[in-house]
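Take a look at the following structure, please.
Order as written gives the chain letters A, B and C; numbering starts at 1 within each chain.
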Amino acid sequence: MTYTVQDIAAALGCEAAGATDISIEAVREPAEAGPEHLALAMKPEFAETLSQGRARAALLWTGADWQALGLEAAIFAQRPRFALAGLSQMMDPGARYPQGIHPTAVIDPSAEIGEGVTIGPLAMVGPNAVIGARSVIGPQCYIGAEVRLGGDALLHAQVTVAHGVTIGAHFMAQSGARIGSDGFSFVTPEKSGAERARETLGDQGEAKAQSWARIHSLGGVTIGNDVEVGSNTCIDRGTVRDTVIGDGTKIDNLVQIGHNCIIGKDCLICGHVGFAGSVKTGNNCVFGGQTGIADNLFIGDNVISGGGTTILSNVPSGRVMLGYPATKMDVQTESYKAIRRLPRLMRDVAALKKAVSKQGESD
Amino acid sequence: MTYTVQDIAAALGCEAAGATDISIEAVREPAEAGPEHLALAMKPEFAETLSQGRARAALLWTGADWQALGLEAAIFAQRPRFALAGLSQMMDPGARYPQGIHPTAVIDPSAEIGEGVTIGPLAMVGPNAVIGARSVIGPQCYIGAEVRLGGDALLHAQVTVAHGVTIGAHFMAQSGARIGSDGFSFVTPEKSGAERARETLGDQGEAKAQSWARIHSLGGVTIGNDVEVGSNTCIDRGTVRDTVIGDGTKIDNLVQIGHNCIIGKDCLICGHVGFAGSVKTGNNCVFGGQTGIADNLFIGDNVISGGGTTILSNVPSGRVMLGYPATKMDVQTESYKAIRRLPRLMRDVAALKKAVSKQGESD
Amino acid sequence: MTYTVQDIAAALGCEAAGATDISIEAVREPAEAGPEHLALAMKPEFAETLSQGRARAALLWTGADWQALGLEAAIFAQRPRFALAGLSQMMDPGARYPQGIHPTAVIDPSAEIGEGVTIGPLAMVGPNAVIGARSVIGPQCYIGAEVRLGGDALLHAQVTVAHGVTIGAHFMAQSGARIGSDGFSFVTPEKSGAERARETLGDQGEAKAQSWARIHSLGGVTIGNDVEVGSNTCIDRGTVRDTVIGDGTKIDNLVQIGHNCIIGKDCLICGHVGFAGSVKTGNNCVFGGQTGIADNLFIGDNVISGGGTTILSNVPSGRVMLGYPATKMDVQTESYKAIRRLPRLMRDVAALKKAVSKQGESD
């Protein structure tokens, strides 16, 4: 599909200038752009590489001198990365899964399949599942019994949604996402060493060999609207009630969300983040890659954690956290600096001891 | 399936009181419970919310005053979380996979399928595989050649068990578990920079560009009885002998167990834990989420690690570990406190230097 | 398949001695070896266990006294682990997937399937995909539209390769590998708290609730020759251009490689490593397990990181890194030691304060 520069600018709500009837087939980085491409030169440093390519048109920042950059046409964005969201959506050709219900899909006759739904080759849909209109179930996906999936979903190949999971509209899941696996919940007949070590902060008492009894997960998972789940990410079902993911929350690859968690709205959860069980977060949080959050904690609204942060206690709203164990970012930064200066401090103290001892003698 | 309060109490070996003929369809948290539910009010703080629901019966702690809580019947548990294990098992409706051998499953004629086995839609079972009686192979699972799987297993959708893996009875695996992938083992023709850095603790000498030769994994994986493996967890096969997982060990989601590891019995391994190759652990260990264990280490019995711990050396039995690099938890806690006080310590030393220098002058 | 000791020695380019016509069926650790096995006794400490087994022949280090070890034949290797690479390849029976194109595979008629290709049961190959000669697509794999896969590939069961991904020759992927999922890239209409916290190193200013707009991934993934990808590892597609993995790079299980990354040649990336978006690395790097690398960083050639390292800034070539945040390994080691001595240092300073204050009084 091709668009004119004018079409694109109108769709993005941006100003355009020059030969806005130029046809655009795709977007490219400036150096790789040909005459049929819109170059993405959203900052002056990217614009410098325009001359290495052959773009006639580019997406630029507001106020850029497009003619000096040798362009024939330009689109100007106030917040170019935000404009890229709309632009990339227009230009995405998608995965091109075969449309409609594929004859090799195994669909229980009691499942309710909405209008315009695609169910890919070798996928399975279980009894009493409800699939909302226009949703795409990719090849080799598994949709369990009693699942309720809203409209306009896109599940890429090999996603599993276990029995009894409820998902809102506009859901997107990447390959290998696991929604609704059993929670990891075990208990010993008598108090375990781990329970004692928690109570005493480190002393497990006399260790006794016990086996673990399984606590089954009777709850499901409830996911709001406009949620995205990355590749090979796991969201476990709850023990008694559902694990909950709020509207608009986006989850990256390889994330673990334990049983009973309640994740707020519009959160961003990056790769390898792990929430132990029963964590509750507020809205609009951002968790950097490899952040870990211990079980039963409460995280407020608008909390941000840097990459690799290990959160071991509750975090009030608005905090920016870093480190192991996590503290406010500025406290952590100060600690790092102090640690770097420790060897010098030790030499200073040694020298002081010598000086004081000498002064003591001379007194 | 419904039970009376008396049925449940008898199954759990607990005392019951009141109208024990009340019918129970499911369990709920107190505030969500209706008259057909058993409310889980296993601590006084949970019991406070009973009045927000409409439960007639509840699971309570021993000695609770059930009548004062407005209930018509109650079950009392000495260790309520342990009672929940049995109760949740009774109440679990399961995933409702289609029973029996599904016609779309691809099963090698040489495979031995035990009595009462279910093999789900679009699953595959390879040559000479042996599936124990009553085991359930979920939809779209893959069971490789020569796999031996014990009885009463439950493999959820899209689990893979590679060729030559041996698994005991009562195995459970969540979706996306990968048992028996190749180990990650590579070698350069000449000593690599990483090998030199290990020997010298940081100096890799003169770096030389070399390619990596693959060491194939000729061993398999041997898993004991009563083992559980979480979603998207990986257990790699051994190089020459098998990787081993002991009886009763439970493994959460997204865990990595490298080639040649020997994991003991009744261990609990939480989400995102990573064992590098050839680690050996004792029995009854608990590894908190995101713990990492470097290769070739020995971990004793009853070792516990807190979330995010990075273990870089052997750990004797009974230790509770924390931190990066891991130390005994109390040492780590003392270090954290000391680091927080470092900025003040630095100011103190600066003041001391000034005072001593002044005293030196005044001497 | 069996080999004589002489066959094996010749294939490995090693010297052999003794009864080199002994037949070898498989390799074993010394204590488990029978007369039909080649025992792997590549170091003196392994050779000590030869007497516990019944091996007639062994792979030994150069100069070993094979007769004193009670053997009838021996192969000598200068660098035994490197010899093991070749030996393990000879002895690997492989996964024994059914050969040829399985009738249950769903293959788009426009796909180009090379000579001698295997496509396993229940696999899918999308439109215009090109599969190189002799490649093996395991059972239940998914190959998207327009994928170009080189010759001699081996994809184990349940690998997904999304549309438009390009892969060189001799590719190997373990079960559950996800190549070409969408990048994790989102933007708010106005500057977010996370953007502000980055600029200010910790102050996100006044938090404002905003929803996230998706930036679609229009690029693909380009993977060189001789690359291996572990189980459940994710390599995301690029935003505008492709994410790139260099020739000869080996990637372990559960690794996350974010959108737009450019990974060099012959790198080794261990389990649970996470690269945030747009990281560029040099060649011959080794990243230890659970290493995290923040977005947009540049890592030079021959960089090594220890397990659990969190890299938050650029790393020059040749560095050996450790810690959180990562520093040169020796700096980190010095810091750890200093932290352990902190409590004593604090006592020293307290004593000094007392002494100085007393001296001050006595002046």
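Convention: a contact is a pair of C-beta atoms (placed from the backbone, for glycine too) under 8 Å apart; a residue touches a chain by one contact, two chains touch by 3 or more.
Keep in mind the model is a prediction, meaning the values are calculated, not measured.
Superposing subunit B on subunit C by their CA atoms means rotating through 120 degrees, a value rounded to the nearest 5.
Copies subunit A and subunit B of the same chain sequence form an interface built mainly from non-equivalent positions, shared numbers / all numbers used being under half. Centre to centre, using the average C-alpha position, subunit A and subunit B are separated by 23 Å.
Listed for subunit B are residues 104, 122, 140, 158, 176, 232, 254, 272, 290, 324, 339, 342, 345, 349, 352, 356, 359, each touching two or more other chains. Across the complex, subunit B meets subunit C through its residues 104, 106, 108, 122, 124, 126-127, 140, 142, 144-145, 158, 160, 162-163, 176, 178, 181-182, 184, 186-194, 197, 201-204, 207, 209-218, 232, 234, 236, 239-241, 254, 256, 258, 272, 274, 276, 290, 292, 294, 310, 312, 324-325, 331, 334-335, 338-339, 341-342, 345, 348-349, 352, 355-356, 359, 362. Contact residues of subunit C toward subunit B in the complex are 26-29, 32, 40, 79, 81-82, 84-86, 88-89, 91-92, 94-98, 102, 104, 120-122, 139-140, 156-158, 174-176, 226, 228, 230-232, 248, 250, 252-254, 266, 268, 270-272, 283-284, 286, 288-290, 301-302, 304, 306-308, 317-318, 320, 322-324, 328-330, 333, 336, 339-340, 342-343, 345-346, 349, 352-353, 356, 359-360, 363.
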